[in-house]
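What follows is a pair of complexes built around subunit A, which joins subunit B in one and subunit C in the other.
Coming up: the complex of A and B.
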């Protein structure tokens, strides 16, 4: 299992933010930090196949696979291995968490016969009680977004600012969950609060105008 | 100069008791307010800034009776709420001049104060740009400038660092520390590190009740002798999670390095660690399992 960025160049609002980024990441928890506007979200969006790099390649070698999948050449296959929870919490419909996740499972192409089991599994995984979504706390909403990203049991999980709005207790819960999830998948997390997660991460990268650097590596 | 709350209770019309017999003194300087989501932090702040009336209790702010003289309180208090709307097309200067007018500052003072505040929050060079193009950090700094119009002696800021990047967060924290010298600044936050580095005193509230008040060091000491490092085989992690209060974990090869809160040495194999403020908070909030 491996995610590879090769010479990835990308722009945000017409402004170049990533210039020739090359990275190779295996299973584990990988943090990305940097000032607002530095390209963190852009990097994650390239990894999620939402934003097309101006040049370069993003490829994923899934679990037990022999060949890499290119995020842009074969988006359907790529997305089958991907879970993505964006920074913005959606205004969720007036429904229950269970029904909402069952609907998303259908959209993600989970087979009808497997859906109830998958929904129950991801809710248990993130310790989410079933209930009316509009009454959920911020922490529960974040967990719901994470559960949605896990529906297809992805090899590559991408989380943009998952700590935002979490109180210290919820933060501990997220930390342990991420460690567990990262044991056998690639987890990319963009965060403004690296100190909250760095103790459990396998690596920490900073993104600046000069490029992507691993924290702790000699410059 | 201080804020004194005595037996303050707030019950919302639906019967939810957001504050429950809260007695607390907030001294001069930076004072942190920590607590889980729904603890009553925002309710407390909204009562102080006269946007909400308590159901019972007494409050004085710098000697002024908050309940009898809310108009006088408004003259000495500035507020930066969690969600803050701007007119996107106004420039920073236009926005502050508008806010100064709304606050009733005499025209002669407006221009001078707006100029001073723009420098103070380091936005003087961006004063002519429309606010719509500002970063999150710049908007927060403009929000603080707005709250400082009229030179309030008390400043109330609700979750000011949410969404700021690490550099902006430190800059914003330093700005608050600088302002705190001769003021009371009440800072509500989820981010324990902000309290640790900026506040000389803090309170923890939970379900409307005061759970702790003291210095950051005193809160950390709530977990004294109860924080352990424990290394276990990774395959045991899942099983141990049920029985141990694990607050941190890191995979090292086939092992897991755990940070555990426990009154006794976990499995007899732990190495004691010095408690952090977060450990103290977590220990306080749940009582440490034996």
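Coming up: the complex of A and C.
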């Protein structure tokens, strides 16, 4: 299992933020930090296939696979292995968490017979109660996005600022969950709070104008 | 075979075996002692490693085929109560005397260990199993995912449409058709109500496709066109059914409402008589079909327009443009060029068919195979 960025160049609002980024990441928890606008979310969106890089390639070698999948040459196959929770908060009108997750489970290809059980499992995994989403707190919305990302049990899990809005107890639970998940998948996390997760991360990268640099092994 | 006995004794005592001149070399091709006719009575001849055990089985007559001994025991009990011979030497001719053999076997008998049963073996395996490398635990994605046909995914879109929307749409259609006589008096068909219905339905269906929810759906292995198709089809099919029920004569419904004039009947009468009719109860069937054709054409035209525009400029802009077009078409009614006019004249039906075809073409443009089953090039970062 491996995620490879090769010479990825991308811009944010017309301003170049990523220039020739090359990384190769195996299973584990990988943190990306940096100042606002440095390109964390842009890098993660490129990895999630939401944004197409100006140049370069993003490829994933899934578990038990022999060939890499390019995020843009075969986007459907790439997304089959992907779970993504964006930075922006989920704003869903008049629906419940369970209904929304059941809908996404269908989009992610979860078998109909498995959907109720899977939805219940991911909600339990992130300690999310069922209820009307508009009434959810910030932390609950974050956990709903995380639950959505976990529905298809992805090989590549991309979380953009998952710690925002979480109380200390939830942070601890998130940390434990990420450690568990990172044992057999690639977990990319962009965060402003690296101290909350750095102790259990397998690698920590900072994104600056100069590029993406590994800041040592915090484990 | 005598040589082998000597080697065994030497092995357990740690001394090098002697090679007495009177002992025939079992390895020599011409040595026949080991396989001679006296083999069954030869205590030394029957000792061989027992398959599957770590002990040595003595095949001597006195011990029987099941007797087991260890090499160390043999060495230690080689000469109980008698002067110990140097290792590697046996009795005359390399054989134990009967007394020695009996003593050895008696000593061995006290050390017999019962062979492990099948249950013992299983218990041992169970205890050892955790020490072996374990296979990776089975993950959900190994059994819980399937690449369903798109049609099955469309059903999931139904959950975006809450009961309030179904009821509101129904109420809109009924209210519109109750106003049918006044529409008919102005020469307008029910089709004039279809565009705002479609625009509203699409806006409602696509209301959650923004921000984080949109990004999450974009990260799913379903193309945006497939999602759009699903959300578009739900209101489109519902409005077709509503239109059919409201406009076409439903068997049984007319009887249940005997004496009442259904809105569709009023419109048909208006289209055939040019004025709001008194209830007559009999209307030409082609007029119903024409009204439904006009309704369907307007629905498909604006559905195709909304879908195509949504994929290019977004839902809100698409709704704005479609509303402007609807207003223009309504305005054209003042110069008798509106497609929403009541069926009249020989050109009415061909015009409606052309609008229907245009709507289908727009839907096909928005959902042509390459877009439906492939991802768009994507927004460049």
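Annotations for the structure displayed:
FYI, the second predicted complex is superposed on the first by the 216 of 219 C-alpha atoms of A that agree within 3 Å, B and C clash if a C-alpha of one lies under 4 Å from a C-alpha of the other, contacts with A are read in each partner's own complex, and residues count from 1 in each chain.
FYI, a contact is a pair of C-beta atoms (placed from the backbone, for glycine too) under 8 Å apart; a residue touches a chain by one contact, two chains touch by 3 or more.
Predicted model, so just to flag it, every value in this text is computed and none were measured.
On the shared subunit subunit A, the superposed partners subunit B and subunit C are arranged side by side without overlap. Residue contacts after overlaying the shared chain place A:99 against subunit C, while subunit B stays out of touching range. Of the two partner chains placed by the overlay, only subunit C lies in contact with A:51; subunit B stays clear of it.
Of note, the Cα-centre angle with subunit A at its vertex and subunit B and subunit C at its ends comes out at 140 degrees, rounded to the nearest 10. By the touch criterion defined above, A:114 reaches subunit C but does not reach subunit B.
Touch counts on subunit A: comparing subunit C and subunit B, the chain ahead is C.
Look at A:13: by the touch rule set out above, it reaches neither subunit B nor subunit C. By the touch criterion stated above, A:139 is placed in contact with subunit B alone, subunit C being left untouched. Here subunit B and subunit C sit at a least CA-CA distance of 11 Å once the structures share a frame through chain A. Judged by the document's definition of touching, no subunit A residue lies at the interface with subunit B and also at the interface with subunit C. Chain contact summary for the complex, subunit A toward subunit C: residues 10-12, 18, 42, 45-46, 48-54, 72, 75-77, 79-80, 82-95, 99, 102-104, 106-112, 114, 118, 121, 145, 148-149, 152-155, 184.
The part of subunit B that touches subunit A in the complex is made up of residues 34-38, 135-137, 162-169, 190-193, 234, 237-238, 241, 246-251, 256, 259, 278, 281-282, 285. Those residues of subunit A whose C-beta lies close enough to touch subunit B in the complex are 28, 33-38, 137-139, 161, 164-172, 175-176, 179-180, 182-183, 192-196, 199-202. Residues of subunit C touching subunit A in their complex: 136, 139-141, 143-148, 152-153, 155-157, 159-160, 162, 207-208, 210-213, 215-223, 227, 375, 377-381.
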